[in-house]
Structures are given as structure tokens and as C-alpha cells.
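Should a chain be cited, it is by its letter among A, B and C, assigned in written order, with residues numbered from 1 in that chain.
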């Protein structure tokens, strides 16, 4: 058992997966010799050798295509895209190939790959390094989108993602990479995919989030508890396929739903959750569903970034409005 | 070996070596295909060999003149080219795009049906569910939520039946709403007067004469027979005078419309009025008979009362009221005499009708009534 | 000033358009049985192609991309590949796919709009056609990487067209192949046209083969209408690839048909140009040679035409007799196991359909 932060947990999971299954290989830019720009793959080259950990040329389309090809041949590639802002050249390989290889060959070929990337803002990064466009991937049939918010979940969800026979986009909230630590047992246990996790139980309001925004969500719940309202905080974990049942069950008890995400409002993944609840949980609602999100703007550069990200104040305001609605 | 370029009919060319005929083995093109010069059209078999016959020119194949197995002689027609037909541009490289012969214009807006009296009830989904569970009619619930939205607590109070009393329904409810709306929008002013109707023969309701006089008054001041769209700030004078006539029943106030009073005889007006009163009494009045009023008339004097300020219901801009006829001593040529006085009131929407217009209308009305026999 | 680097692009041809040899045939390919086999397969390919077009024109096949004129490329590559190699084709190598064990009726199913056309009952590892032009090049590198990591004597063969050669994906794939020494062979079928873009508007490079030079791998050119040249050059390149030396082979040929059955090439190309290439037909030249040198006569020709016709007819009938899959097949093979929310959608589809 070790006290690990999120990036350490990712590293541990990779190490675990690679020692258990020789089909697991890791590649991307600067992942080998350098151990990854965030050190996610630190020590792996030394431990497993250049046949398992490969430094690719600077070519994201290639990284996506390599993963598809090598996965079709039976390997389990874990391909790293250095930042989500650079994933788009690989999007063609994900949407046109990875997500549909099994379908278009009627199961003859499949694509058990993981594409991992750091995502999200709040780290004073230059342009293009604070993307949060998980909704694009969540929209694609045939993919899974998984986002951990704790070190233990990063370990367990990544193991499950690697073991899954279908392609997984694994997005790591970089703001949380080193924010906090917790005990992570290297027991090889995967955290099940396709399931939301209730991080905090409550009865007055359901607060749904994922990734780095879980910090604000949990902080808001803590403050509202002092004001007499118990907030149930749900960590979505797997955006796609979405575990609507857990969210709906919670709303049936609380009657109030607030969704928090960093990504821009329009067509952000919060829309899917809100629509799902409107469809199947309308009569449980005592108040409109509220989304607290980034604005429909380009993510600002560091000087103004704090005005973009949904902060604790905005989350609290939305929660209080919803709590006093009826 | 090629045939004359440009000819529509391509005949089997001389195959050389003294050969005079060939058997068709296999066509490589079909009618409709576009071909270019030298493209193999057909494989034929001679005594010596199996050869491909190339196309002499570019063009579109119209017909292949023979089946596999047929023997064609040199010089006989083998293939027909179409006389200049260009393949229509499909305008695509994949798929088949549907095209419609004509399309319904997409920008035609279907006008919304004008709903009768009731506006939508705003209630939260949970409140609606609760209302269903408790068999509470949402129309009867006052909403205390934001912007008057009905909430669960409101439904539950209503179900507990605070204070009891009559729950408004149907016609009375419609009236409550209509009057509330009118009050909110109309700036009402009222001018009153009297008509000396001593010369009227017969007894009976003044209604037919009032209706006819209304027609005359509108002719004098058409502006009081108009519809005002206060949102668009548009005043539309109405060409016909369709009078809404207030009629009271046990179930509440009805205002059926007597259409096009201008120029109608008293008999015709009387007869129509009777029909409407019967229909209202028997509740067989149709919804379309309750719509389209351009000006209204209330003969509250049939019961009691002289003058009144009445409710002008948008989009109308005026309502005429007649009070109870009474007897009074008046001076005629300086000498006291008895006269029958019919009190008149005109309430109007002062946003679009002036006092002078209303008074002029009153004068025309009064004159018509006083001149009648 | 001295030259920092230079390059040569070789061009190989054996059989000229008139059916006469330009140089002696390579020993391995000189036997008449071998050449007749090439000829049969090219005729079969063209027969299939004509049938597919006929089916499309009669409304029984969807949009189809003809391979007319490119038969020698397909047959030559097929000869050079082994069953253990893996093919990643573009959408115009029907003859090559058929030689690799894909059933003609499966190819018809694909163009007829049925996913089962890519299920390849007799060909486990080959990729389905790549519609996102050039997108399969990085995938070929990935397949080759698998072979290298497993130390298997196999090669990935990625076939694409002149249009694809402008794509970044292709360069990225060649580049990594060179630096990682991957067992992959890239073949560009230069049929001179990418829909309506002629070859000289596609790139300023004098040959497409030299695009390999920028990636650090060998590039060479071959007469793509000379099946012997294709078989020989591709065979040698494959042998090198399996040993970890990737390269690019450019096959010069011509797209005698339209881009697809919905396209009309006469809108943008000169008839005279097309006529000129009919005179370089790969099938005609080999028949001339066989007639002259190995006694190919009308008996054999008729027999061959008959065999091809009945084989392709049977495939067409099999395709036409295949009913569409049931509607719920939309949900099959989406994931290894259909997740519950999507299973609910499947149920909704079934319910909607059962209402009639």
C-alpha cells in the first residue's frame, strides 16, 4: 500500500498491467526515455524494455493509427497523447476506425486500445493546454470515456480500461495530478467501468460532476451541510456509457439536480445528463436542472482563467437557488 | 480498324485475313455506357482467333445489336451509338441524393390557433404530479412560486380546502380571467347621456332599436368599432359591426355576437336576437357564435340601474350600456311634460379613443334612438 | 558546395503495351503456367468489375468504385503476398481482395450496403477497405509493429492511391516505419486521377515513389500495367520488408473508369487521354504475349471467359439472395458486450418494429 497522487496511481496501474499481460504496450511522445512530460510513464522503459515502451515521432494521427493497427493484431496498446489539445489529429483514427472496427467487421477485428491524455485547466498552462472536450468523445458510438477524480480510481479505472476489449478514452484531470494523495493498494483490482460512484450521500440535492470539478462539488457539499442541506455528490467516472440509473435514483430522492463541469456549456456532457433526467425523472424534479460550467468561450489564458472555471461560489449559488426553489 | 468517326451505327469492321464473319462471345459494354475510342466493346470469335473489337470513337452506347452466340457478318451493324446524349450530371460522387419535384415553402408559418379565454397554467412537474394524485384542478390553484409558478405546497394547500367556497369553473372562471386581463390592459373612460325615447311606440326590449342605433353611430364614428392590438400598437377599424350582446344565465355571463347590424331592419334584428337568446338559454350556443365581437352592448337596465362604467374587453375598444327606462318631468317649450328617458353609458379604451370621439358617438346614438318611432 | 543527399528512383518494366518483352522475364515468373495464371486472375477481376457496375446500373448495388484498368496491380501484389501477410487496402483493390480469399459476394455485400461484407469468412486478418483515404497507413504501421514485437516473418501491405499520397497520415506512417524499421510495404497505385484531380495537380514531386525519400525509406517505380513487373518488384520489396526494411512502390497505371458509379469522368478528362491508356491495357498486352508465346488460343479464351462468367454470376446470385440482416443487427458488435443503456435502445427498436 502506498500513498500516491493521481499521476503516481496512473504509473502504478500501467506498471501493474504491463507485468500481468505481455500484450500491454505503451507508446507516445516522450513516454520512454523521459518518462512522460508528467512522469506518468516514469520507469516503465527501464522496467519493461524498448519493445514494450516506445517513443514515437511527433505525429498524433500516427499514434492513433498505430494503436488501431497493433490492437487489431491482438496487442493492448496504451497510447498517450501529450495533452488533450493535441488529440484532434488522432480523432480521425478514433471516430472513423477505433470506434467502429469491431462493428464494421462484424466482430472479426476489434480494437482493445486505451488512449490516455491529460485534460482540463486550472494549471496556468499556455494556449491549447487546458482543453476539456470530453463531450466530443462521449458522442461517438463504440467508444468508452472514462475520467478518474481520485488516485485510487485512477489506478482501478485505468486497469479496467486496459483490460476492456473495446477502445477507451481515458482522460486524466491534470489539475488533480498532484493535488492530493491517498492510500492506493497495488492489488490489481479494477474499478468497474460504466458506473457512477456516490462520493457523498445526501437527501436534499444531487450534485453531479467528474474530473477536477469534483473538488468544487465536494467543497460545496461540505459548506451546504453547515447550512443544513445534505448534498449527494455523484462522480460520473464513466461518461460513456452513462450510468443513468444511479443519477435518476438519486434525483428521485432529492428532487434537485445540479451538474458541474469545466467544459463549455453548449453541448457539454451536462446536457446529456440533464436531458436524461428530464426524460425519465421529470416528476421527481422540484426545481429546474442547473448546469454550472465553463462559458461558451475559448478557455482563457492564465490571467483570466479563474473567471472561466466553475468555482466554488458559482456552484454554491446554483445549489442554493435550486434548494430554495420549492 | 475503325469505322468512320461520328457515325451512329458501328458495323463489324473488316477483320482481315479473308474473314467474313464473327460470332459474338461477350459484350463489354451495355446501353447507356459512355465509351472512348479504343475501349473494347465486344469480344468476338472468328475462325482464327478470339479478338476484342475496340470502339471507333467516343460516345454513348445506345444499343448492342446482337446476343452472345449471334454471328455477324463484316459490314453489318454491331452497335448503335446514341445521337449525342450527355449523361446528366448527377452532381455527386457517392450515394443517391433524393430530389423533390416541388417542396413546401419552409418559411410559411402556420398561424397559431386563437385559444379561447384560458391561458396556460404554470406548475412544476412535481406539482402537476401531486395535483394528479390529489385530484386537484391546477386551474383553481394559486401559485406562490417564482413568477407565479404553482408548487407542490400550493397544491397541497388547495387540496386541504382552505376556507371552502365555490371553486370557479367553466364560464365563470373564463369571465374571471377575461376581466382580469381586460383590467390590466385597458385604460377605461366613460361618458354618459340620456335619450328621450318618448316617441317610441310599443313596449318591449329596447335592444333591437339599440342595435340599429349602434350601426348608425358606428357609421358616424367608425373608430369605436375597431380592434386594438396593443402589443403591435395597431388599430384596425372593422368593416362590419358585430355586436357582442351581454346575456346572463344561471351559469354565468355569455356574450354572443349578432353579426353585421348595419342596415338591417328591426324585424331582422329582433328575430336574430331571439335566436341568440334561445341558444344561450338552452346552452346550445356554439363557440364560433361567441367570437368576433367588434363592439359590445349591455342592457343591464333590463334589471335595474341607470348608468355604469363597464368593462371593455380587448381587442374591442368600446361597450355601450343601456339603463332602465324611467319617467321624468322635462320642459318642452317652457312647459313641464312627462318624458321617457333611456340612460346611456359608453365605456371606451382611452388609449385609442378620445373623449370627443366617444361623445360624438354618443350623440349619434342618441339621435338615432330619439328619431325612431 | 557539395550535395548533402541525393536519390534515385528506379523504374521497372518487362512487358510492353504491344505484348512484346522489353527485357527478359525474371526466371521466377517466366513459366507459362505462371503467366496464364496472372492472365486468368486479371480477367476474373475485370469480369467481377463489369458485373458490379451492371448491378449498380440496375439498382441492385449501391455506389461502387470500379477497378477497370488496374487489374495488373492487384494480381501482381496478390502473387507477392503470402497468406501470413496482412493487407490494408484502399477501396479499389477488389481483385487483390478476391485473391486474398475475400469472396466476391462479400465484396458485393459491402458495396451493397451490408456490414457483413467486411466480415471476411475466409480471411481473418486483412483490414476492410479504407474509405478515409490514407487513414489506414498508420494502422499498417501498427500491424507491422505487432509483427516486429512478436518477431514474426510477416509484413503489412498498405495499398493506397495517388490522392492518398498527399495525406499527412501516409507520411507519418512511412516516417515511423523507417525510423522503427517496421515490416511494412507501402504501395501507391498511381492511376493518375483522384476523382477530378489529375496527378500533376496533386503534388510537385516528380514521382510519388520519391515521397519515400523524405521519410527515409526506399522508393521505386514500376509499370503498373505490367503484371510481371508488379509481381517481381513487389515480391522483392516484401522480402525486404519482412526483414525490417520498409519501402514504397509506385505502380503507374490508369483509372479507365469513373471514380465511382455516380461520377462522370468525361466532365473533367479528355477522351483522347483515356483512349491512349486503353492502348496500354494490362490484360490485352498479356494476351498478345500469351497468344504469341504460349499458344493461348480461342478455345482457352472462351473457356476462361465462360469460367469467369459463371463464377461471378454465382457470386452475384449469392449476393442477391442474401436478405438484409434483421434491424437489431445495428446493435451487434458495437462493443464486446452491449452496455445496458444501449440495450434499452435495441429493445425500443425491436418494439417499434413489432408494432408494424
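The rule we apply is simple: a residue touches a chain if its C-beta (ideal position, glycine included) is under 8 Å from a C-beta of that chain, and two chains touch if they have at least 3 such contacts.
This is a predicted model, so every value here is computed, not measured.
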Q) Which chain is most remote from subunit A in terms of Cα centres? A) B
Q) Chain with the smallest distance from its CA centroid to the overall CA centroid? A) A
Q) What are the two chains with the top count of C-beta contact pairs? A) A-C
Q: Compute the distance, rounded to whole Å, between the mean C-alpha positions of subunit A and subunit C.
A: 40
**Q.** Separation of subunit B from subunit C, taking each centre as the mean of its C-alpha atoms, in whole Å
**A.** 62
Q: Could you tell me the distance, in whole angstrom, between the mean C-alpha positions of subunit A and subunit B?
A: 52
(Q) Looking at the complex, which residues from subunit B come into contact with subunit C? (A) 25-26, 28, 30, 32, 34, 36-40, 43, 45, 48-50, 52, 54, 58, 86-87, 89-90, 92-96
Q.
Give the list of subunit C residues in touch with subunit A in this complex.
A. 86, 88, 115-116, 118-120, 124-125, 127-128, 131-132, 135-147, 149, 156, 168-169, 172-173, 175-176, 179-180, 332-336, 339-342
(Q) Quick check: in the complex, which residue numbers of subunit B touch subunit A? (A) 124-129, 145-146, 151-153
Q) Given the complex with subunit B, which residues does subunit C contribute to the contact? A) 50, 54, 57, 62-63, 195, 256, 259-260, 262-264, 266-267, 271-272, 274-276, 278-279, 281, 284, 291, 297-298, 301-302, 305, 309
Q.
Touching residues of subunit A toward subunit B in the complex: what are they?
A. 255, 282-287, 325-326
